[in-house]
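Below you'll find the structures, each written out as structure tokens.
In the two assemblies presented below, chain A is common to both, partnered first by chain B and then by chain C.
So, the complex of A and B:
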């Protein structure tokens, strides 16, 4: 069963790797503007950029070779798992990604976990609450938080925690305190949607016969929710959370810029502006792999939570 | 070890930590690598590495790692005597051979400021650096103050590339997280006077709002390049000092002098008269004194010519010039000639956040006289590309005239015989060429003023505003001196208010 999932995802990894690398390469060459000049601008800034220095960059990076030749070299290196060197900083892409991915990964994981810590109890509480105003208030707050763009939410949090109460640093990445505000910015947006989904899912579960049977046979509400509610409510939530990782990656880009955080989103934005192709290919590859990995985890979790899948999906029935 | 002893040790440790004079500096510039050609300006400002020469506030060249210099009778050979007993941060000793190694690397030859010089050979003789030129360059020492010519230890290089940044400056790097963080400790064997800053942290913070919030919350001690928009809230804070210093950077309209429309000198002057520089300076930059009346600001005393007609705002003159050139206003409010609308395209870039805003103001001001200006905000490299393929009409750019501390270095690149990527385009002026050539060989104040006059009369580029830099610091920081040449943050002069 699990082997089938791994084989499926392994082929997906190869396709993602080749596609992301090729699309990254082609898009950077198809965009308007002179690639050597963009790279030179990224390296030396407007004050140091001249046509002559861009020409020197063109020769150094062999950008005067035919496009197909550059593409084949790029793919060949890629297949050798050689991600090359950043065209701007000159550092190896692996080395840069190690640092930047590390920070982003910790940030995204923290945001994800905290969002669940907020969303699951809140969602269940809202679902079982007898009072309508609880549901309405939670929904209103969730809509407001989700509607605020991450960069505005970030500035609001900085104002509250760094300026008014002065208890957290507004930017940086050196201490654990620096992780609090970026994590909050990301997780609040996530939790705002997740808690609503959990509420809906729990509401559905409570209408099913197995749940009502639990109540009829004399189980308390808490025990019925624990035994029959949460597991069933989690099935749609898990698939949704996998999709939400897209929001997380999108949020990371903005949050890293506001909080001066050296993450993979920050690296990608700068690489695109400077047409740093190896960095773009490396970053996109890593992001693609993260998505495949998340899907793999979702598959495994869903398989464990929903035994029907074992019979249907992977037995070809 | 009993608990009491442990607590005592903790107390002593925390006291020592607190008493260390730590300084946290934030600025917008990111670290793009270790090569001085890429990020030298950050390492130079943080005083991690040093140049052979330095400049004072007046732009005078002073000794630094070179203690003196002289030229041969034909002025083609320069000899720089290297300062003795200077140690790099890896304890190796500075000598003339190390300087030669630094200045003859491929990266430096091809991409540093030295590529503009007619250098035949760079060599050493005992404690002297010898530079042989093929033609005279009177301002050669000024080039050696440029950040691309920082001097590093021989242990910094591997295969001609910088792999460790080891300089001679008063601060020694302990940690770099590219592109955002540099941590450094005081280098106690520095050859200069001792200083109070013991530990230094530089954070690159791209967002102006975040920089303002960091200095406001006390999370940073000094914040460089705070934009006028954030100043109002910072001015009210009693814990902060704000300094604004003029720098030698001019925001100007680069224009194609052979463009079908702009080749008419009347149009250039009409555009200049139609621009209300005072309004731009007051409304956007919050400082009326930044409205440019000529290319160089008054602080650049040797180049600012007080006796020329200043660039002014005069709608009537603008309209008259346009009419003289045959452009007539029609019902839609725009000018037409032979059925063709007076349309121009201006490109600018967001590296300096005020440029796109100024572009929209210029668009509106030119509309008042009937010129339809289309704006495109793009990458800075497009200015160079469009200059090269001759497709540029107008570009709003920001140009620093003192990257080489003597402005002649930049002026000759921008307004010399063939113009420059960031200067004149398809513009030729014999007098300018001969003036620049003579200045390159020998300094002359009158000729410098003559150049300012030509630039105002001919308008190969249209100056809009001069620039300033605003630095906000915590009140505990004393004696912070802002360098108008942006070469150093002068961290060694800082005193802490105990």
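So, the complex of A and C:
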């Protein structure tokens, strides 16, 4: 079982590595114009460009070799984790990614934690409370938030907090205040989905025999929920983590760009617009690897938390 | 009952949007990029029922055209995803063995990256074009059709009524047409609405971050971003396209609920 999980995810790591290493190669050769000229122009500016300089670049990057050999060289460099230098800033890609990844990681983690802080109590509350009005309004709000794409949600928050009340900065990065709006955007989107999930699974748990047994033997509603309800209700949340990580990674790309937040998602979009090939490769590689890694953890967690899964043969999802 | 009601609410919103966008385009005979620089940010009038934008273009016509564009693009990407998804799903369930394994491996390859990232990789080759966006979306969306069709068909194939029709000598295509496809339809409808709302969100988000469809094409996401600098003077112009995206996605999500339990 574990072996199957590892094989599947290891295979995906190879896919991510091959894909991101090939992007650069393909883009270099598919785009019009002489590659060496283009790189030389990027390095020394279009004014300082001469045929000799282009020739030296060609020799240096081994662009005069046959195509397959160039491809192998590019993959070999990739394996050595030599991701090259950003064509825009001139810094090494690894250096840039280290800084940006830190920011994005904090943003995604904050959003995730805050979403749980909102969603878990709210989901449990709507499952056990008898106030129809409260339950319906929570459901209505989650339906509305789910129908708003992250970038629109981001703009609405900017309008409310930066333009109407003028208490939080809309963009850039100076202090902790710049974390607030991007985090809020992502965590509201996450919470709107997971809150519903928790309500549903809490409702399920209450119909199970072990839960009813708890009530029969004289435990109060609250204690039964605390001891037997919550833990079991949270299991579906774990397998749902994989979907949440998709939402977070996609959300980080969009939300960071809207808020000009200096993270890896913003860097990727920026690199695409500026045709900064080494940066595109680096960001795609890192985000892809993180995604596969999260999925691996989720698989293992789900298997450990719910022993019933172990009895069945693991055959993907 | 509850599900039926939400389905009709969704359907009515969608029909309303369709009427609104088609009618307003027929009545107002403007081009979406027809500028009138002496008449920018005009107030609503008979000629321009919702006023004009920063280049004096008619807002109503632009919104109407953008609504149609979003919906149309979402529809063709979903159809493109739906055809191979369902066909290959049935094929994988029916053939099993190597075909099944091979198709599943392709899914694993595509799922190695989060969807939007895969689209961005393709877009990197030619930012602003629709083609990479379209291919990327279709590549992501077919997986859901494939996986669910495969699972459902697999369980249907061993049902007694299918087995007995098989042993009575009915051909595979007959069984497919009469017994399997009718059972798949409600589920295919649900996935279609889901994938259409995914496509609409992706298309508008990508043009909002400047890598999708570009101005001057009227697209809801890029209209919002284009008009954002003028928010203080004309808040309505930013909020209107946002509200329309919300309505389209909401109506699709409401409609998808109906057949979940079916």
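Everything that follows uses one rule, which is that the second predicted complex is superposed on the first by the 229 of 317 C-alpha atoms of A that agree within 3 Å, B and C clash if a C-alpha of one lies under 4 Å from a C-alpha of the other, contacts with A are read in each partner's own complex, and residues count from 1 in each chain.
One rule holds for everything that comes next: contacts are C-beta pairs under 8 Å (C-beta built on N, C-alpha and C of every residue); 3 or more make two chains touch, one makes a residue touch a chain.
Small disclaimer: the values here were computed from a predicted structure and weren't measured.
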- Taking the superposition as given, does A:54 touch the first partner, chain B, the second, chain C, both, or neither? first
- Just chain B (first), just chain C (second), both, or neither: which does A:280 touch? second
- Identify the partner contact of A:258: answer first if only chain B is touched, second if only chain C is, both if each is, neither if none is. both
- Message: After the superposition on A, what does A:187 contact: first (chain B), second (chain C), both or neither?
- Response: neither
- Quick one: classify A:166 as touching chain B (first), chain C (second), both or neither. first
- Based on the superposed arrangement, let me know which partner A:107 touches: chain B (first), chain C (second), both, or neither? neither
- Message: So in the superposed three-chain picture, is A:155 touching just chain B, just chain C, both, or none of them (first/second/both/neither)?
- Response: both
- Based on the superposed arrangement, let me know which partner A:233 touches: chain B (first), chain C (second), both, or neither? neither
- Note: overlapping chain A surface for chain B and chain C spans 155, 159, 163, 257-258, 273
- Residue set of chain A touching chain C in the complex reads 8, 11-13, 15-16, 19, 23, 26-27, 30, 143-144, 146-152, 155-156, 159, 163, 245-246, 249-250, 253-254, 257-258, 268-269, 271-273, 280, 284, 287-288, 291-292, 316
- Task: Within their complex, state which residues of chain B touch chain A.
- Result: 30, 32-35, 37-38, 110-111, 115, 148, 161, 177-181, 203-207, 209-210, 213-214, 216-219, 349, 351, 378-385, 387-388, 397-398, 400, 403, 413, 420-422
- Message: Under the definition above, what is the set of chain A residues touching chain B in their complex?
- Response: 33-34, 37-38, 40-54, 56, 88-91, 96, 99, 155, 158-159, 162-163, 166, 169-174, 257-262, 270, 273
- Would you mind writing out the residues of chain C in touch with chain A in their complex? 104-105, 108-109, 111-117, 120-121, 123-125, 127, 197, 201, 204-205, 208-211, 221, 224, 228, 231-232, 235, 238, 242, 245-246, 249-250, 253-254
